[in-house]
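Letters are used for the chains, namely A, B and C, taken in the order the chains are written, and counting of residues starts over at 1 for each.
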Amino acid sequence: MAYQLSKAESSYTASGLLLSQRLDGRSLLDYRPITVEAGVAPTANGSARARIGDTEVVVAVKLDVKKMGEDGEGGRCVCSVECSPSAYPQLDRDSLSDLSADLSTLLSTYLTPIVSTPELLIIPSQLYWQASVDALVLSSSGNVHDTLFAAVRAALWDLRVPRTRGVVYEVPGGGDDVAMGEDGGSSVEKAGVLDHMRGMKRGAVDFDLVDGADDGTPLEGRSDLPVCVTLNLLSPVFYLDATIPEELCAPTRLLLFIRPSGTLCGIHKLGEAELPPAELKEALQEGVRLGKELGGAMNARMGGMGGKRMGPFS
Amino acid sequence: MSTLINFDRRRVNGPEKSAPPLYFDDDDDDDEVEEEDAQPSSARPSPSQRVGRAPSSVRPIFLETGLIPSAPGSAYLEQALTKLVCAVYGPRQLKSAVSMSSERGTLSVSLKYAPFATPARKAPLRDAEDRRLSLRVRAALAPAVRAESFPKAGVDVFVHVLQGDGEDALVCAAVMAASAALADAGVEMLGLVVGCCAVRVGLPGTGPRWLDPCEEEQRRARGGVGVTCLPALGTVADLWQWGELSLDEVDEMADECRSKCDELHHVAVKVLLESAKRRLGRS
Amino acid sequence: MSEMEEIVGSPFLNKLSGPESRFEPLNSGNLRSDGRRPLELRSFEAELTTHPSADGSASVSHGLTQVTACVYGPREAKNRGLTMHDRALVNVEVSVAPWAGEMRRLRSRGDKRTLEFAASIKSTFEPVIQTTLYARSEIDIHIHVLQLDGGLLQASINATTLALVDAGVPMLDYVSSLSAGLYHTTAMLDLTSVEESDLPSVTVAVLPRSGKVTLVSMETRLHVDRFEEMFKLAMEGGKVLRGEMDRVVRERTAALARQMEGGVALKEDDKMDTDL
């Protein structure tokens, strides 16, 4: 990163961190105030804005009907992250688009298996909802990853999948030509509301929207969507939610994606240095515990506020 | 639309879509007995049973350094179906002025698939997947390379994948080949980096863990872990995980991978020692 | 003008266009598709200092269209080659969020349409910002379009004005902008995207005090006899918007003054008066 810290500043920050003293008075495992606001983009199927400190990310999820590819599965999620030049005023155009590309890849790597749920199938092996997850990093004061994934999580929480039902053309009386016309030929059969694709009758060829575009079903597993916790490892301590100078002090950062149920769904290392083998296990354990806590807190807030707006919590 | 943007005028471009050829084989069973390490046959075994290999076996590795004469350091690695070539250039002058002020040299890694490396043809342009794997290889090598020994200069590592079989296994193979090539080029390092990966299949808590998974096994897995480490120093360079695993499983798998890395380290050391001896004998 | 001052919110307006196959911009009751009268504006909301990391920032929404502008500078130019010895360089960068419109659309940084749009904003503000005060420096304006429902240019210009005011960059006047359209012989103001795609429209940016115009943009055909009426209406509308923007700025300044107290606050007020 082009942002540089003078040696004096870096050693000042680092020695403070080693003594568990941070410039803003937090303890090592404290977050800055987290604000999440859902439903910020009315034209999207789900959207959210998350702030941690002064870092701000807006995410919107749109659903489009796509045909399955030949491989039967097809990507059910496409991601893009754009970093605004105002968030990284010190970066030039090229490194900014590199950064955006790296964040996009990271997002799609860890999000695609999570979003590819059967709920997004319209007609098995034919049509599905493709979720486009687009993020805009509006401002950054450290810890972009946690903010990004908090916003993505809230946007997926806010997501409403339009209800569909399958349409089957049936030939009455066993006639050998399939009549697709209005009268006499075909009858449209209701195959039930799409319920984990089991309610869908086999052989459905088309679908209908059940209700208006704004209404739909939320994702079933939304309370178990993962959160991202970035562990900044500065041997022998580790700390959370680093500001930009603190991030530059940490030789290694470890991103953990943790479901509130405690399952890990991704570990990713950032930074040049090696992992401190002694503290690694403890750091992972602590990270998982904190991730569970954070996910639980987000669930409680999002549920309690009717999924609209969450105040700061830590 | 997107194909037009990615169109490369300098090449003879293949057709937009391609499909792997289908082979019609009468006797599947013979095949299976003959080559153990080949891809799992069409007859599906029970999902928790591994075809032809012990759960903790790593496919045999063939490694050789110094086969590209024009590069200061190079290595060729073959592990069952995975085949890759790695070349190292540098330390050499950097083009961009930005890194000139830096006290540390820059290490750049570029991993590319040959268009014929995968069953479906890959367009020969940089895509997101290549960059992702490049970054992963770089993350493993960066802790080992003493970048402070070549300030204002850069070392470039090029990995060319001739055939890939399993993404995690490919990364581990690329890391091993690259660190051998770096050593071959005489770039100062703290130690050789080797990597090992494992997957877990089946339901949480019950399924077996398989080391060094191939493509098919990786697709079937519930989650996987990859570890690259410097066995000489006993440090972990990189740790990554995907899929759905509990913390205990991650711990177990990472430990197993680390102990396997010690064995792999011997392979790499032996190869380097031999090539050094050869070189001494020649001069 | 009392009609225009009445501001009515209208969420989800373009979804109300109904089952009729033909879009009717003005119904028999002389109301538009979202229930507005022809000269009524959508709800206008503005907020200053939305991004504290920038030198000045503002977020503006006209109905469903929402735009954020961040201003950096005047500061030392990144690219020395482009600096001018007698005045500041104004850079404008626009990014449109992929979800902003009805359909998802990824725009690359070099998108021609976006570049042209940025250039027109740049030329709108270059004569208004007192660039000669800051020789050899640059002022960067970053515009983010978060929601798009017509009136992109007007919202961007209004947001930029407020962000520049927030950054304390000296300008000759507010620049306020509004779009106007025409259906048969009726002129209407502040078009939504549905109306924009069906009707001829003009966007005008004015300096309300002097009545000078810094931008007129029209990309559709329009009879020359009707142009003057629309143009004048858009200018009048711009003046109304200026009042709204001024109110927002004064409220923000008063809040700041309260926080600072005493002498500092007085100075802040003085500065406001001399600036305008």
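Operating definition for what follows: a residue touches a chain if its C-beta (ideal position, glycine included) is under 8 Å from a C-beta of that chain, and two chains touch if they have at least 3 such contacts.
This one's a predicted model, so the numbers in the text were calculated from it and none came from an experiment.
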item	value
Chain at the geometric heart of the assembly (C-alpha centres)	A
Remotest chain, chain A as reference, centres from CA atoms	C
Chain A and chain B: spacing of chain centres that average the CA atoms, whole Å	28
Centre-of-Cα separation between chain C and chain B, whole angstrom	53
Interchain centroid distance [CA atoms averaged], chain A/chain C, Å	32
Interface residues, chain A side, partner chain B - complex	2, 70, 101-102, 104-105, 108-110, 113, 254, 259, 262-270, 272-275, 277, 280-281, 284-285, 288
Touching residues (chain side chain B, partner chain A) in the complex	19, 98, 128, 131-132, 135, 139, 142-144, 147, 204, 223, 225, 230, 234-247, 250-251
Contact footprint of chain C on chain A as seen in their complex	40-44, 47, 54, 56, 58, 60, 62, 64, 80, 82, 84-87, 89, 92-93, 97, 132, 134, 136, 138-141, 213-214
Parts of chain C lying in touch with chain A, wherever the complex brings them together	11-12, 15, 51-54, 57, 64, 68, 70, 72, 78, 93, 95, 97-102, 104, 106, 109, 140, 142, 144, 146-149
